[in-house]
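Following are the structures in question.
Both complexes below contain chain A, partnered by chain B and then by chain C.
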Partner chain A sequence: MATLDLQNISKSFGAAKVLQDISLAIQDKELVVFVGPSGCGKSTLLRIIAGLEEATTGQIVIDGADVSGAHPVDRGISMVFQSYALYPHLSVFENIAFPLRVQKMADAEMRKRVATAAEILQLTDKLPLKPGQLSGGQRQRVAIGRSIVRNPKVFLFDEPLSNLDAALRGDMRVELSQLHRELSATMVYVTHDQVEAMTMADRIVVLNKGKVEQFGPPMELYHHPATKFVAQFIGQPNMNLLSGTVKGVGPEGLAVEVTGGTVMTLPVEAGGTRAGDKVDVGIRPEDIGLGAGLRMNVNVLERLGGQSITYGLLADGARFCATLDGDAAVREGEAIDLTVDPADCHVFNANGDVLRRLKAPELTR
Partner chain B sequence: MMDKYTRLQVVGIYAAIFVFLLFMLLPFIEMFMTSLRPLSHLFRSPYTFWGSDFTFEAYSKMWTTVPLLGRYIVNSVYIAGMVTAITMVLVVPAAYAYARLDFPFKSASLSVFLGVNMFTGAVLLIPLYRVLRTLGLLNTYWAMIVPGVAFLIPTGIWLLRSYLEKIPRELEEAAYVDGASRIYTLRRVVLPLAVPGLIVVGVSVFIGAYAQQFLFAITFNQERAYQPLPAGLFEFIGYQSVNWNEMMAAALVGVLPVMVIFLFLQKYLVAGLTAGAVKE
Partner chain C sequence: MADMTVEAGAAAPTTMPRRLSEGWFAWALIAPAMLFIGVIVAWPLAETLRLSFTDANLGGEHWVGWANYQALWDSSPFAQTIGRTFYWMVLSVCLKLILGLIGATLLNAAVPGRGLFRVLVMPPWVIPIAIGCIGWLWLYNGHFGMLAGLAQRWGLIGGPFEFLAYKQSAFYSAIVTDVWVGTPMVSLFFLAAMQGVSRDLYEAAWVDGAGRWYRFRRITIPQIMPVIVSMALLSAIWTFNSFEVIWILTQGGPRGATTTLIVDTYKTAIGNYKFGEGAARAVVIVVLLASFSLIYLFFLNKVNRKYGVK
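And then the complex of A and B:
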């Protein structure tokens, strides 16, 4: 049982405001992922939760107790660092046992705990080796082993997979999700890789310039991005944005004129939007199909097998990307006609805030 | 294939190394040659590099000419060893603090250390003499150890600090998160990783202590039994003649134990102990 509440956390380094008024309620056994571009404050927030950094204002509450000034061990957290932070002069066994040695745990109990951790992480035959003799993935597992022997309430991970190659990263992602289920522990995971965020998270926190843009389950972020920033950050390839002008507001949604004079009726809540307002229409590449509508000159075609990703320019020079069938009859240098279901379109007002879609798919878990 | 240099460049490099080494080693060669020469040959002109009557006699005679010679050699090593030990005990925590902690006047005090380093001991001999007299340390081993330590601490801090700064901070943060105290982290994580750095600093402190003890010995110590070798060598200067050959022999023999230690330590200096700490 471990809940983690962040209450109005702000952090400044001198004049630089790195985090601004962050409040999050993370539930027991939840795996929450912090994503955001480089420098948005993910690591800083994680380090504040860990107790490695002190928040300028705000409280950290774990299981209902304010632990803001407490030592990491008393908070009941453990942390896995991006660089693994293994002790190179100690064996794998001693690395994993380090937190227990600090506690002066009895030898028998310590051996049992290390053995259990090593078994979960498939490191049993590596225990006598030094970290330098291990592969990247094995080192990462040792670092995780060191964090689980202490049975902490909350696990913190700072980009634990970013040093691994793509294939290994995929494997470790699955292993970590499995570990989360086995330990049924609360975890906070920092990454700048949106695939990791989408695949692993129960809920995702999207951070931008030290502020929370959105906090919700992956598919909610995908179908209902709260802001233009989230919309562009989640999803691969990035969402297309076309600038448009509102022509009319009705019960069916907004009539928006986009590039080339096309007027589409988009089923979204109007909010305070009025005719004449500038909006951005967001269209995910994967929601686009072949058919009359938008004309694009294909500059680059990437055939991935199952899909063909096309990049090109629309008539007015806007950059556009569409994900088509693997065998779609498209060629580089030629023009194609594309179409999109208005129900799949996202609309953002001039502030970058979303107008909620009315016909988005039901959220499934 | 990996050779970046052409044959001509290699020849040039070796020639340069040869000239450089010749400059460095020629005095030692001359010392050695002098130690083999009978006294009567020393001032013979023209200079002959090798003579048929060269002997190792000086190496046995020197022990009787200066009966305390063995003691002087031991004193030298003892004083330099004590200076090194005390300096290291003081330098390790100080360098760690400079590498990791934040405190007022940190960079200012570091600069002051560097500034102090620029004074040679000679400038401060008189004030030091008064300090040592007040403390009652004149004519003891401490008269040579204490100033030695004082003058070597700044270099030690500077050297070791830059080494400790290279140890990844995340290792210490990981230890902190796991509940280790600073002292525990220093002992179990930082110092083991700093061993090559500690040896480098230790060696340079030892060399420094060895080199500077002459000055402190002749000014702060009149006790013959405590004299280190450089001061003891004076005893080869007699009333009528100087036993140059024996003095050179004694100097060479005195340096020998130190040389042996350094040759032995060299292999530790090369070993990279930090491999695998973090992914580079």
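And then the complex of A and C:
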């Protein structure tokens, strides 16, 4: 397996800059997820790594060798496509064996490799079938099998689960994580689904408008989002953002006035912020509990069993969301009082950059 | 039990007329189409079949039973015509398919000016066949034609050469013109099929190291195979029945060298006013084309199963 270094990668289509100066160092055996909204450039970046697109500037280095101009085969990568890209006229065996047939590998060795891949992916009894006779999850596994048989240095996955239904997606997520452990492979995985990113990644790259917003382990992104964008992108439901004004700066943090004149002392580094500056206070719905503090009129209540997600408006009309206990005594149309521990709050300056939290939980991976 | 009987009895008067009227409505909807098909297909077909058992001509008609068919069976020129028709069809269709495939591949390639080429390939198909054929008549002309002129200039022939005056050259010249007329449509059908092949399949194969020829052989051809089979049949039927090209270029000559079944039928029925004998030839054509269609359906199902088309 191998390391993958992206050095100052930029890509333009005419005047449109799709990727801007992206540098990432991906370690051996690491599973890195590129995540971001549609059009952020994550698939383009993956295609550049694969060799399907050429970077306008920058280098791709795999295992110390610059492969920027090399053919995908010579890069030692393999790719699993969103559509699976299975050949409908070929059997599962032939689909998996396709790259080996291209290489004109000896028949015995080819059969051995296909059999091994099929066993890992539990496809042994499906080998004679055509892709059209398989379920979505099985097709996905065939596509992965085609990648495995080549023994690539780096596996690339382009939104491989987005065509599956929710239940199957959950199962496949677990299978892919298991596969990553079994193969001890370097993998780059593109998704727009932050749940996939959080659950599978060793490290996540959050992309926005062609730039890296943050690159780090999932829980670092959750507890220490570098920007307002990352804070809102990571976490489900989205983080609440309240407009606030800094009333004072002290060693214990910032005194910030938020909605309805409530002043909270938030334990964050001042980072050059002064009294009178406008800031945004971020509060994750799951950090909120019932208790005196903010008053919200509940418009929508979603009972999920273990949790109740409430959506409503605060006194100043700001939209707000809180995740409460499953059995919380809340009803739609009623007002409830909510409280939050100031240590759980995130504060972003006018540029959208975070002010580092002083009492964030220890990072876990 | 008594209640159920009453209910059934009560329901009957309300549902029966509705069902009846729905049935009549459905028949009323398809009646115009059935009438149309009856007038332009079924009746002429039945009439042709009837005529084929008569000696119908301008002077009248008498029932002759299988005599017309017996005469065809015993006629060696007719056997030659059938053989020539099949040779004409197989050669022309093969050329159309091969050239169509090459053309479609070139038109599908990412080359500058691709759009212009796509337009330029259309004229043979778009302009009326008669006009195209008259153009070819000039090209084949021994004294004024471009082909003979170029061949003389390059020293390939010593003097004027009438392409349509000799048996073999007339036959192959007619094939060239028929291929010229028929290839663009085949090409465009293949091009449409090629554009329907998922780009991901090619990218996946490319990432796996498959070269251009390998991708063409193992992805493009299998993916468009159902269209190739369909076009082979349609093209075979059209070529089998191709009349204008031969009639305008050679009228079946010289000495019958380009007389195919359809030309022979026309000459017999319309040229020589032997409607009965012509009808028998037409029936033979129908039987042969129906056989093609059955073979085609058999192959199409097989191909669709093999290439994963539902």
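Just so we're on the same page, the second predicted complex is superposed on the first by the 364 of 365 C-alpha atoms of A that agree within 3 Å, B and C clash if a C-alpha of one lies under 4 Å from a C-alpha of the other, contacts with A are read in each partner's own complex, and residues count from 1 in each chain.
We take it that a contact is a pair of C-beta atoms (placed from the backbone, for glycine too) under 8 Å apart; a residue touches a chain by one contact, two chains touch by 3 or more.
Remember, it's a predicted structure, so these values are computed and weren't measured experimentally.
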Report task. Put chain B and chain C onto chain A via the superposition and say whether they clash or fit. Result -> clash
Report task. Please work out whether A:Val256 is in contact with chain B alone, chain C alone, both, or neither, and reply first, second, both or neither. Result -> neither
Query raised in the report: Just chain B (first), just chain C (second), both, or neither: which does A:Val354 touch?
Result: neither
Report task. Check the residue A:His89 against both partner chains and state whether it touches chain B (first), chain C (second), both, or neither. Result -> both
**Report entry** Touched partner set for A:Val73, first chain B, second chain C, both or neither
**Finding:** both
Query raised in the report: In the superposed arrangement, which partner chain does A:Leu52 touch: chain B (first), chain C (second), both, or neither?
Result: both
Query raised in the report: If you stack the two complexes on chain A, which partner ends up touching A:Cys40: first (chain B), second (chain C), both, or neither?
Result: neither
Report task. Check the residue A:Val298 against both partner chains and state whether it touches chain B (first), chain C (second), both, or neither. Result -> neither
Query raised in the report: If you stack the two complexes on chain A, which partner ends up touching A:Asn163: first (chain B), second (chain C), both, or neither?
Result: first
Query raised in the report: Can you list the residues of chain A that touch chain B in one structure and chain C in the other?
Result: 50-52, 71-73, 77-79, 81-83, 85, 87-89, 98-99, 102-103, 130-132, 146, 150
Report task. Could you please specify the touching residues of chain B with respect to chain A in the complex? Result -> 168, 170-171, 173-180, 184, 188-189, 192-193, 273-279
**Report entry** chain A to chain B touching residues, read off their complex
**Finding:** 50-52, 71-73, 77-79, 81-89, 98-99, 102-103, 130-134, 136, 139, 146, 150, 163
Report task. Spell out the residues on chain A that touch chain C in their complex, using ranges where they run on. Result -> 50-52, 71-73, 77-79, 81-83, 85, 87-90, 98-99, 102-103, 130-132, 146, 150
Report summary line: chain C residues touching chain A in their complex are 198, 200-201, 203-210, 214, 218-219, 222-223, 225, 306-310
